[in-house]
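The structure appears below as structure tokens.
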Amino acid sequence: MKKRIDRFHEHRARMNDKILSADFLPFKRFFSLDTAAYQEGALDELTKELMGLVASTVLRCDDCITYHLDRCVQLNVKREELYEALNVALVVGGSITIPHLRRAFETIEELENPGGGE
Amino acid sequence: MKKRIDRFHEHRARMNDKILSADFLPFKRFFSLDTAAYQEGALDELTKELMGLVASTVLRCDDCITYHLDRCVQLNVKREELYEALNVALVVGGSITIPHLRRAFETIEELENPGGGE
Amino acid sequence: MKKRIDRFHEHRARMNDKILSADFLPFKRFFSLDTAAYQEGALDELTKELMGLVASTVLRCDDCITYHLDRCVQLNVKREELYEALNVALVVGGSITIPHLRRAFETIEELENPGGGE
Amino acid sequence: MKKRIDRFHEHRARMNDKILSADFLPFKRFFSLDTAAYQEGALDELTKELMGLVASTVLRCDDCITYHLDRCVQLNVKREELYEALNVALVVGGSITIPHLRRAFETIEELENPGGGE
Amino acid sequence: MKKRIDRFHEHRARMNDKILSADFLPFKRFFSLDTAAYQEGALDELTKELMGLVASTVLRCDDCITYHLDRCVQLNVKREELYEALNVALVVGGSITIPHLRRAFETIEELENPGGGE
Amino acid sequence: MKKRIDRFHEHRARMNDKILSADFLPFKRFFSLDTAAYQEGALDELTKELMGLVASTVLRCDDCITYHLDRCVQLNVKREELYEALNVALVVGGSITIPHLRRAFETIEELENPGGGE
């Protein structure tokens, strides 16, 4: 059976493709700004992805948290860095973020066991 | 006349003092967690303050933005780093954050002209 | 197999019925205000449903987005009108709304293929 | 000079009057639901006002916090009850609520010194 | 088949355990503050759980709503008390909370029929 | 003495100018998307400004509300249209939006008396 993270990526890719092929320029322009915001500049990519993770956690969006966790793992984030970023989000955002923290921990487990099924 | 940033610090210090002297332990414990979240660990202080800035901007809290901007300037943040962090927040949080971005720019101006009055 | 939109309507109808038969007048009064807010007045129904769609998207509630998309399609919204309304929401609400935009596109597909199963 | 709490009440009364005299029934009906929600029922008035205070704090609305604090003081809330309610809000809502907690403490001071000017 | 409420508790217990055994002290400290906030003090436990329910509903977190509903039922809340608390949340938080109210009603049904399967 | 609406416009123009002259392209690109979202297309300008007003009200941003109210008045909105849009926002967003509704009414008064001072 497919893992949650794989289903997330398939759904994301398929629907982003629909949005970007909708022949409506403003969506394309927004997506392009979104991609650019995380590219290396004065701040490196990992720092920006961790910022994206913090923002997604305080705003409580599971899909966004999953996306940024995945990017952070790809960029070889250390476990402690991940926890410290999630802790900033937990303190700023409060206990209402805890269900998202639980799901973030599930995603981290999956990302660290890429060969395993569900 | 006092600058906005000075009035902010005075009000913050005076009222935090009232809260912490209220003889109610849970407030003290929360404030202590809050302080600890930004201390150097696997991530350095500036990275954590920039994360606090991003979180405060997407959650749209002017006082929190002012606080983290001030800390970033104390930690010698580069202008480009500040802009890139604010841009992550702008893209994640949308145009509803723009009034806060305007006030953030005012605060940055004040912080860079510490000798000036209002 | 039933479509997502059908399951949404069934669940919504069944639970609204429970709430309204709970013998607790304030719920009934709120639901009545809610219904009235979208009825034709100085603004036509479609404009109000599009406003409901924008509000639901910036507040990031999938069920509310589904409901207003369905109403808009019933009221013969044009595809371009739908995209422009969703774009106002995307710009105001930022990239945190994108997962909801993806699910909105899925719902639009279902609504346009009423005969298809899942 | 008038106190903040008095200016709040004057502004609130004056503008509510404008809204309710705007000859637009839905506003009147919503305000009537709002008033009814805090009236004594299975839960007493103070419990409901404290709930309003918690909701207002996690949603970070200073005017709403001021209103419910004032009502709680009128209903002879004990200081410890007020702190425990504010602490539930602080833990649920996180450090982003702290600036509102500071202003809540200012309001409490004013409410306890009704004779004092500003 | 297991009930939703049972699956919720299992998932919550399993993932909280992972978070608390992650050897990262700040998470433990936050969870400890969170637990303490709902313990009996000047306000009794049920009042605090109802406050947690109101806060969770206006912030629109289904898991948090489920948790506090379960606690309220354990503490022998009366149906009318539950409705009045949910109504404060509905009025403060608006129609965007209605999908959560529908799911809250489902959870209440399950909690009242503890022997039933799904 | 200057009116609130004039001070708003001056501050907005001055700070937007600072942001756009900061030599940081992503801010310029976002502002350009923001402007484009409200231009006439399949939906006319007034409909889009009313959508911006609804989004700003449920997200509770006074500056954004002021901006869109001003645009609506420039586009000759009828009083009833304005009330119906604000009512959609009030019902969706709940009583937590009422302080913003009060300030919106103040702004409407100012916009209708352009010659008056404060």
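Quick notes on this structure:
A, B, C, D, E and F are the chain letters, set down in written order, and residue numbers restart from 1 in every chain.
Quick note on the criterion: a contact is a pair of C-beta atoms (placed from the backbone, for glycine too) under 8 Å apart; a residue touches a chain by one contact, two chains touch by 3 or more.
This structure is a prediction, so every number in the text was calculated from the model and none was measured.
By the document's definition of touch, common neighbours of chain B and chain E comprise A, C, D, F.
The pairing of chain A with chain B is characterised as same-residue: of all residue numbers used at this interface, over half are used by both copies. Taking CA atoms, the transformation carrying chain D onto chain E includes a rotation by 180°, reported to the nearest 5. Taking each chain's centre as the mean of its C-alpha atoms, chain C lies 26 Å from chain E.
Remark: chain E and chain F have CA centroids separated by 37 Å (rounded to whole angstrom). In chain E, the residues touching two or more other chains are 26, 30, 33-34, 37, 55-56, 58-59, 64, 80, 83, 87, 90-93, 95-96.
Chain contacts in this assembly form a complete graph, since each chain touches every other chain. Touching chain E in their complex are the following residues of chain B: 26, 29-30, 33, 36-37. By the touch criterion stated above, chain A contacts chain E in their complex at residues 60, 80, 83, 87, 90-91, 95-96, 98-99, 101-103, 105-106, 109. Per the touch definition, chain D reaches chain E in the complex via residues 33-34, 37-38, 41-43, 47-48, 50-52, 54-56, 58-59, 64, 78, 80-81, 83-85, 87-89, 91-93.
The residues of chain F lying in touch with chain B in their complex are 11-12, 15-16, 18-19, 22, 24, 26-27, 30-31, 34, 55-56, 59, 61, 63-64.
Residues 58, 90-97 of chain F are the ones touching chain E in the complex.
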